[in-house]
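Two complexes, one shared chain (chain A), two partners (chain B, chain C).
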Partner chain A sequence: MSSVLLQQTINGIVFGSLYVLVALGLTLIYGVLVQINFAHADVVTIGAFAAYFFTFTLGGNYLASIAVALVVGAALGWLVNATIFAPLRERGSELLPLIATIGVSILLQNAMLLWFGPIPYPFDSPYSNEVIRLGGGTFITWQNLIIIIVSTLTIALLYAFMKFTFMGKALRAVAQDRETAGLMGINPSQLIMVTFVIASALAGMGGAMLGPILVLTPFAGTSVIVKAFAIVIIGGFGNVEGTIIAGLLVGLIESYATQLVNPGLIDIIVFTLLLLMLAFRPTGLIAEKREENV
Partner chain B sequence: MSSQDHAALAGPTHRLSRGWWLLAAVVVIALLPFVFQDSYWRTNLIVCALNVMLAIGLNFILGFAGQLNLGHSAFYGIGAYVSTLLIIKLGLPFWAAFVVGIAAAGVAGMALSIFAVRLRGHYLAIASLGFAVIVHQVLVNWISMTQGPLGLYGIRPPPDIALPGLPVISFGNSANMFYLVAGFALLFYLLLDQLARSPIGETLTAIREDEVSASSLGIDCTAWKVFAFGVGSAVAGAAGAFYASFVGTLVPDAFIITESFTILAMVIVGGMGSLSGPVWGAILLTVLPEVLRGFGDLRFILYGAALTLVVLFMPGGMVQAAQTLRARIGRSTPATGSGR
Partner chain C sequence: MTKRAIACLGMAAMFGLFAATNVDAQDKVIKIGGLFPMSGPGAYFGAQDKQGIDLAIEQINKTGVNGYKFEVQYEDSACSPLPATQAAKRLLDQYKPHIVIGEECSDATLAVMPVMEQAKVPLLNAGSSSIRVTEPGNPWTFRIMPNEVMQGVDIATNAYKRLNARTAVLLYENTNAGIGNAKVFGDTFTKLGGKILADIGFGRDVNDFTAIATRIAGLGKVDVIPTYTLEGQGLRITQALAQASVTKGGGGQSIQLGTIWLPFGFEQKAGKAALGYVRIVQFDPTDQRDVVKNFVQSFKAKYNQDPTHINAHAFDQILVIADAVRRGATDAQSIRDRMAATKDFSGVTGSVEFDKTNQNIKMDTIHYMETLPDLSWKALGWN
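For the complex of A and B:
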């Protein structure tokens, strides 16, 4: 039994680190812009498709396809910011950009449906079948090890960027206090653009690694993004550390629920947790000074 | 929602008096089944009337009270499943089940609203989205009650009405079913219209524009937001009960979150915050894809494009476009004068 639990813990960390990659993008965007980007889901999906076509149609290396998806995601992020968020920023509305990105999401999903069709793509990573035995009956596939290593490295790099570079410090400054940051000579437009590019690059590479796990259809990103929303709220909107903890937590819950109860109940458990958090601790797991929207 | 978004909508929307509009609506509803005789377009007429109901309900929550509800599909589903299960499992008569279905959806809306009472804007959007996911998953997983994805079959239309001296009115007939649904849509429209024009409407608008100022004037913002949520989701519950009795089958996937987004598109494209806007939005976004049916899967691409473009370039929707157009025509021919 304990080896089963250990195995599920490993799986949970794998799921969780992918959720963290996707949710971090949402939380970064929220931090600087106080806006929600619904099209983030489709950046995940398009990242997965980019990796699929690079690996199987062009015959590229799967590891290289993660980098391809990262670039594709970054480009999409730039596009979504330039076409939707930047023009709507002067209008200063809280909800209009959110509604516009729901429109973008519907548009992208159905354009993909037209091109790629509704039948799931068989995304078999070449590393999924190679297993490392850990003893005690537990094992980890190379694919899952790649996911854990790449996610951890990415998150560490992001952390270093936020801590040590001027841009990263500016980003945190804006997230903490927009007006004062503006007084310190930080160019908000440029900063927002960089945030979108980073956030969407994370989502794109997340998609490349989620591809082999998900049922790859044009709607694949949606199931991830609703969980990412839950994670962002459980972790506290705009809070990077909280998002990482909450992402791993949701991954573990999902993994244990699959084993112990009924996979159908995962979403119910996660979203009940979300509603309870909202009711009793809306600032997230790690309390922050941010209270304005609560 | 910022005040600028709504400022554009404040102008007079009706040039004709409301009585004439009502008469025109009744005449059009009466004539439509004669214009569209085949069962395909009759079905579309009924779907259109259902969508109008859903859109005006969501508009009351979003456009008037300013609460971004992304879970409207959940209330639609609750109305459909509660009324149908009461008929199937307990043998309740349709109209009793209909009333309970409406009440259940309304109570669910109020419950979510009370739960999310401290939340505004984005938090409420995500909470309502989460609520819709939970409701859908419960419908899928509670197999002993809902049959899960297999669905419920053989749901009967509302019972015949036999008035003395008149032929029996059967709702198996699509024209009669359309009259029933459209009649209720009109009734709900008039009720919401009455509410919006009453001091309650002004109170809700005040909360939407500036909650802090509203509460400093002694308005109980919480209670009114709960009220708006209850009313809007009850209307969605009525649409759900009609949907089940009209389609005859119920599957959980009819109430996935995408359905919420579709209803949202109708409200935004028509013109959020005006009363008539969502009606036009619902009609346009129901009929246009059917007209374009030859183009395959363009239906939802159209929804997405319309939603995005309207928010970017015409946040007041069709109502704003009509006003702009009217103002331009009025300016070019000043002799006719405006109806102000």
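For the complex of A and C:
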């Protein structure tokens, strides 16, 4: 039983890492803009498709495809913000960009349906079925090991960027008070664009690593995004550290629930936790003042 | 009456005659509503259903049936109750079909049935396995595929008697069809003397099946794993079970058992992990009957690909309607009545004859196949 639980811990960390990558983008955008981005799921899906086509149509290396998906995600984030969200924000309404994210999501899903079709793509990376046996019946695939390594590096880099670079500090300043940051010589619009680019790059990269795990269809990201929203809430809106902990926690809950109870109860457990957090600890796992979150 | 007035009357009469002829030509059309998932996780059904239906209608319209041409209008029912109901209402209100074919997913079909009954338009189903589609019986709903009881009893009996399986783990999506199919398998298998080691249901939003595979790996010797899920999750389950060394594809001993839900080509997508997978398909392309050979040939000619059983059962739905029209059906009521009296119909998936609940009672639509090491498959000939 202990080896089974160890295996489930590995499984939980793998999926938790992916959840973190997806949820971090959501929490960054919320932290800076106080806006929920419903189109984030579709950037994940597009990242997965970018990696798929780079690997299988162009014959590229799968590891390189993760970088390609990152660039595609970043470009998409820039494009969507520049052409849709930023102009709407300039009108001074908070509701318009929010509704626009739903519109962008539907548009992207249907465009993908048109271009890629509805039939699931068999996206197996060269590492998907390569298994490392760890002894005692435990194992990890190379794909999952790559997920853990890349996610850890990315999270560390993002954390360092936010804490130690001028731009990271500027982002946090905009998150604290957009107007005052503007008076200090920071260009909030530019910083918002940076946030969208980083968040979408993370989503695209997450898609490339999720692709070989997910059922790759134009709706693939939707199945992950609901959990990612839950993670953002459990971790505390806009709280990066909280999101990392909550992501891993949800991954582990899923694995242990599958082993000890029933996978059919996963959503009940996760969303009960979400409701409890909202009721008793709305600031999230790591209680911080709102203005210090990002 | 002046010459001018006579000319006007003559013109009007000609227009009237033309209009009447035109109405008559329009009336000689059997309008078919196609209710299929074109979006969401079941969208692969809709894409393949459409291919089969379009081919059948193209062939039928070359000559027509009793002077009738066939016409179809599709609506996206998304494999889900609410969009399916809305799509059915749109079809009935705007297109006014004589018959509706679909849906694939049981939850969606069950939701649509009362709408069709109220409108008195027959619903011909080929892809929903829940027993509740035809039990206790709805005069307006027909099903040409074997229901979950017919499939479940058959596959559990074959697992016990032909594969000598004594232990099983049930894996299924938490839908009417998933739960129903798994329950029938479990009940039959247990009654025969087998043991169910775990009963694992999951939502359609589950992505990672490593945790489920890990749990199964910890259960000891599992002979068979009947799996009831759509293609996408099915692929990942098969791969996860192989990675955890549970199934033959990963060097284990368990045999995964699958259902009609999965399309052909599943093995190629799942890869080596699918080795030894035994599953039911509703269509055997190696069948030597002329109707099958012609279907395979014409499908390849039109789409430049091999037909799947989803293509085949969609094709058969149109043939069943054509059979009813050939026997004198002209409108919704008579299509319903003639379909209910269908006998000795032989389509590409097998025979059709409806019982009093409008369930096809013929079992020759169940074909078993096993995945070979080169990922091709062989028909097992169990039915």
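The rule is short, and it goes like this: the second predicted complex is superposed on the first by the 290 of 294 C-alpha atoms of A that agree within 3 Å, B and C clash if a C-alpha of one lies under 4 Å from a C-alpha of the other, contacts with A are read in each partner's own complex, and residues count from 1 in each chain.
One rule holds for everything that comes next: a residue touches a chain if its C-beta (ideal position, glycine included) is under 8 Å from a C-beta of that chain, and two chains touch if they have at least 3 such contacts.
Quick caveat: nothing in here was measured; it's all calculated off a predicted structure.
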item: Superposed partners chain B and chain C on chain A - clash or fit; value: clash
item: First, second, both or neither for A:Thr272, with chain B first and chain C second; value: first
item: Partner chain in contact with A:Thr258 - chain B first, chain C second, else both or neither; value: second
item: Which superposed partner A:Thr217 touches (first chain B, second chain C, both, neither); value: second
item: Touched partner set for A:Gly136, first chain B, second chain C, both or neither; value: neither
item: First (chain B), second (chain C), both or neither touched by A:Pro126; value: neither
item: First (chain B), second (chain C), both or neither touched by A:Val226; value: both
item: Partner chain in contact with A:Leu113 - chain B first, chain C second, else both or neither; value: both
item: Touching partner for A:Gly12 - first (chain B), second (chain C), both, neither; value: second
item: Footprint overlap on chain A, where chain B in one structure and chain C in the other make contact; value: 109, 113, 226, 262, 264, 267
item: Touch list for chain C against partner chain A, complex; value: 38-41, 43-44, 46-47, 174, 200-208, 210-212, 214-215, 217-218, 231-233, 235-236, 239, 242-245, 268-273
item: Complex contact set, residues of chain A against chain B; value: 30, 34-36, 84, 87-88, 91-100, 102-111, 113-114, 226, 229-230, 232-233, 237, 262, 264-265, 267-268, 271-272, 274-275, 278-279, 282, 293-294
item: Chain A-facing residues of chain B, complex; value: 1-2, 4-5, 68, 115-116, 118-123, 125-127, 129-131, 133-134, 137-138, 140-141, 257-258, 261, 264-265, 268, 296-297, 299-301, 303-312, 315
item: Complex interface listing, chain A residues touching chain C; value: 1, 4, 7-8, 11-12, 14-15, 109, 113, 117-120, 122, 124, 128-129, 131, 137, 139, 141, 144, 210, 213-217, 219, 223-224, 226-227, 254-255, 258-259, 262-264, 266-267
